[in-house]
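Below you'll find the structures, each written out as structure tokens.
Look at the two complexes coming up: chain A is in both, with chain B in one and chain C in the other.
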Partner chain A sequence: MRLLRPMLLIACVLAAWELAARSGLWNPLLFPSLVKIAYELGLFLIQPARLMEAWVSLYRALGGFALAALAGVLLGMLMGRSARVAELLDPLFSGTYAVPKLALFPIFIFVFGIGSLSKVALIFLECLYPIVIVTYHGARDVNRVFLWSAQNMGASRAQILRRVVLPATVPFIFAGYRVALPVAMIVVVITEMISSADGLGYLVIYSLSSLKTDRMLAVVIVISLLGLALDRALVFLRNRLVYWDRLDTYYV
Partner chain B sequence: MKRSACLLLACISIALQISAHAAEPPLIRLGRGFAAEEQVWLMSARPDLTPNQGKRYQLKQILFQANPQRFQAYLAGEIDAGTAPGLSVIFASEQGLDIKVVASVCMEAAGKEWFSTTYMTKDDGPIRSVRDLKGGTVGVVGIKTATDLWARAGLLNAGLQPDKDTKVVPLGFPAMGDAVRTGKVSAGTFVEPFYSAEAAKGGLRKLFTAVEAVGYDHELLDLWFGQKFLKANPEAVRAFLADYVAVTKYYLANTAQAKRDLHKAGFVRTPLEIYLKNADWKRDPNARVNVDSLKKLSTFMREKLQWLEKPVNVDALVDQSYLPR
Partner chain C sequence: MNFFVKGAWLAALLVAWQLLWMGGLPSYVLSPLQIATDFFTALGSQELYVHAGTSLLRALPGFAIGSALGVALGLAAGVSRGFDETLSPVIFLTYPVPKIVMLPLFMLWFGIGDVSKILIIALACFYPTFINAYYGARVTPTILVWSALNMGAGRWRIFRGVVVPSALPLIFAGLRVSLALSFIVMFATEMINSRSGLGHLIQVAESSLRFDLMYVSLVTIAILGYAGDRLLRAARHRVLRWQEVAE
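And now, the complex of A and B:
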């Protein structure tokens, strides 16, 4: 029943869509029925060339995200545990967080070229911010009682970092990852829509250019399914690693 | 008695409003683009050139950045007509859109007096002919746009397979010059005013033009109307097209002045001195559509590019009966 409840909501949304599509109020070219979208989705899933486009987007998104995951945790931990580093970097991150990095994409194209590198670089930059900021706050706000206790027991700085700070920060790190991962998917699709000869974003534009809304929506569904799968994988990993603070124990 | 008088006055007022509204000529909501549509824009910039406007029809022009959005707006009932490249209209027709091409706006045509979209490469680079683009990248302004079609046609002519031998990537017109010069793309697409500006900077060399790529003069932009609007308001469309043809003739005879007027009205943001010098696309003074060229484009899109899943009946798509005789 617990698993069925969210499905019920999705089923209601799909039923509302189908009713609207069949109502005749909107042109089917603009508002295609679920049957047509499902047909295009089926075609997508059996065509190796289309699946390859999904793979291209996925490796770009995961490439940029992985780089940001490493660099972001490193920077966030340094900022959280060193006042000097925080003084140096906090204004930079806080001051430029709101900048739409996508506006920098033309510059990235000129620096890194039109291929994957410019897209991976932009994904890295977009993902870096949430990971750094959330990790920074997690590392900074470690319970002092834990730190004092470790110090009283004679733990070295390295031991405190490894045995106290890092475990206390890991839930924050994963929170940052969960914010950054969908950002990676969004940015990869947008950059491919702007300038690419492959990937899911390219397929969106390709379908839209010939007014194939049903095909475009099928690609959108693939993007959302990929995003969902990545998030579930991340939650699974988190629950395995952070076993003392599982996400499914929040609601008691 | 007082209440009856008030009721009578209200009825008279409503009746007057309805009759005033009924007397208003039909409003044409026209989706326009941002390049090569000078005579269309001039109808709004210089309404004094359009004697029927305001009397037999009203005109409201709405700017769109891309072609698919224009057709989506039409499907949503937000516009009645629009401008669009020939190939976009063919795409729309394939998808079953109930529209008709009623007039030509401009053409890609051979001849020194006309501009044709040009593909250029680095002057001192290794690419001496289109065949040398093997393993390289061509910048076009958008996927499945006319610039994409010409690039692919040029590559096919040279025996190259687009996407396999040479990548075709979208890139904005303003970035094209630097992208070619810095080697980010092997060749790029240049239209006015970027063509003149980049040619003046030097360092670029022509590879081929749109006309050379497909091998014949062809429709670049056309005017289309929704069929429902055509059936409901044939006289308004005839009056609109009579004005449109008159404005086209005025534009061709007084190009410099027309360009000044368009610049002043804010339709063009290019510096005036550059805009005045730009070469222009060919425009038929009578706005007649080159139907054969649309047929050839449609066949090329279906047979060579596999862009169309089913054939398009171009004869049924074009209806020039609304143009002045």
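And now, the complex of A and C:
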């Protein structure tokens, strides 16, 4: 029942689209009808060659993200728990935070070649920032009372790290992951649009330049659904792992 | 102290890079000294300013439109339940979708000129500002609203005097994210299709193996991004003088 009004909004947008498509005011290339888009979407889902393109994009995005997820948490935890490391690395991360890392892509192409590696490397770099920064803040601001009482009860450093610091930081880590995962999707699509011969981003540009707008929109829908599904999977995983602090599920 | 550490870090990195370069690196890696010389040479010519200006004229209007809309609608959704229940689920549903995929569609609708680029930047900037303004308005302490009501403030007065100030820290956080995003999207659109701007410059430099030009545009975009971030932080510092800003 709560979903009724948003559904209505979406239905209105779709109806307006279909109306624009059928009105004949615009070229059907600009507003392909929903039926044609749905047809292309169906075609996409039954063609193994197309599904392979989706797999290529997914594999790049998840590869870069997974590397950043590992390295970012390690770096962030180190920075959060050691003032010396933080003093060393914090200026580096906060200083280059606002610089668009995408500008490095041409150089990455020279260094890592034009294939998947340069894209994965760029995704890694773009995802690293939010994960490191959020993990750092989380690990630094662990409630001091918990640390003291663990020490009081004779916990070793390793034990404190594993039983106190890590659980306290996990919600932050997942907050960082949730920022980074859409970034991974964005970067994979952009890099595939700029230079690639495979992947979903390439398919979008290719469909556009062959004036197959309906096919292009079908690919756009596939990319959107992938982004959405990945985010949902991450929230599901998070609520499983962080069972003591469930995410506010009002909308998310 | 902090400043000193930063300077020492930067100097150490640059020296290490220079030494590595002298030890022999592939031709696409230039030395810091070389890049600096190229950059200052480029500063003397017209070309760099033209490209940087074109890029900024795309990124900044996009950022302004997108974040103004995002803040306005986010605040509105934060205070009005009917609006919230209609709009917010749609926004949160489409949030993880990479907005750049709409670029080809926008190019069809609005042409391949600046309009489609500005609009796609605005779309990308809309989301972080909307979500932050929305949460900012929702975390307004109820007690403050009650006491304002008690003292006879009207609805508009409460919105302006209580809700907006308590949402401001989060609004600035959202603005910071979308400013960075506007530069990324600007760069992406210019690399994908454009005849001007820094993204175009770097693309041309790459395909003609002009490494000097490539690094010059990289340094320029880095400086612009950094300067924008600094300006925003300065503005935040002024507006939020009453709040201890946690770095």
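Throughout what follows, the second predicted complex is superposed on the first by the 225 of 252 C-alpha atoms of A that agree within 3 Å, B and C clash if a C-alpha of one lies under 4 Å from a C-alpha of the other, contacts with A are read in each partner's own complex, and residues count from 1 in each chain.
The working rule: contacts are C-beta pairs under 8 Å (C-beta built on N, C-alpha and C of every residue); 3 or more make two chains touch, one makes a residue touch a chain.
Quantities reported herein were computed from a predicted structural model and do not represent experimental measurements.
Using the contact criterion defined above for the overlaid structures, shared-chain residue A:Ile114 touches chain B, although it does not reach chain C. By the touch criterion defined above, A:Leu25 reaches neither chain B nor chain C.
The larger set of touched chain A residues comes from C, when the choice is between chain B and chain C. Within the superposed three-chain model, A:Pro106 lies in touch with chain B and with chain C [touch as defined at top]. By the touch criterion defined above, A:Pro91 reaches chain C but does not reach chain B. In the superposition on chain A, A:Leu181 contacts chain C only, with no contact to chain B.
In the superposition on chain A, contact of A:Ser196 is made with chain B only, not with chain C. By the document's definition of touching, of the two partners only chain B reaches A:Lys212; chain C does not.
Of the two partner chains, neither chain B nor chain C is touched by A:Met153.
For the contact definition in use here, the residues of chain A common to its chain B contact set and its chain C contact set are 29-30, 106, 109-110, 194, 205, 208.
Those residues of chain A lying in contact with chain B across their complex are 26-27, 29-30, 106, 109-110, 113-114, 194-197, 202, 205-206, 208-212. On the side of chain C, the complex with chain A involves touching residues 2, 5-6, 9, 26, 28, 85-90, 92-105, 107-109, 176, 179-180, 183-184, 187-188, 191-192, 198, 202-203, 205-206, 214, 217-218, 221-222, 225-226, 228-229, 247. Residues of chain B touching chain A in their complex: 67-68, 71-72, 75-76, 91-92, 94-97, 137, 139, 142-145, 163, 167-172, 175, 178-179, 182, 184-185, 307.
Residues 2-3, 5-6, 8-10, 29-30, 87-88, 91-92, 94-100, 102-107, 109-111, 181-182, 185-186, 189-190, 193-194, 201, 204-205, 208, 213, 216-217, 219-220, 223-224, 227-228, 230-231, 251-252 of chain A are the ones that touch chain C when the two sit in their complex.
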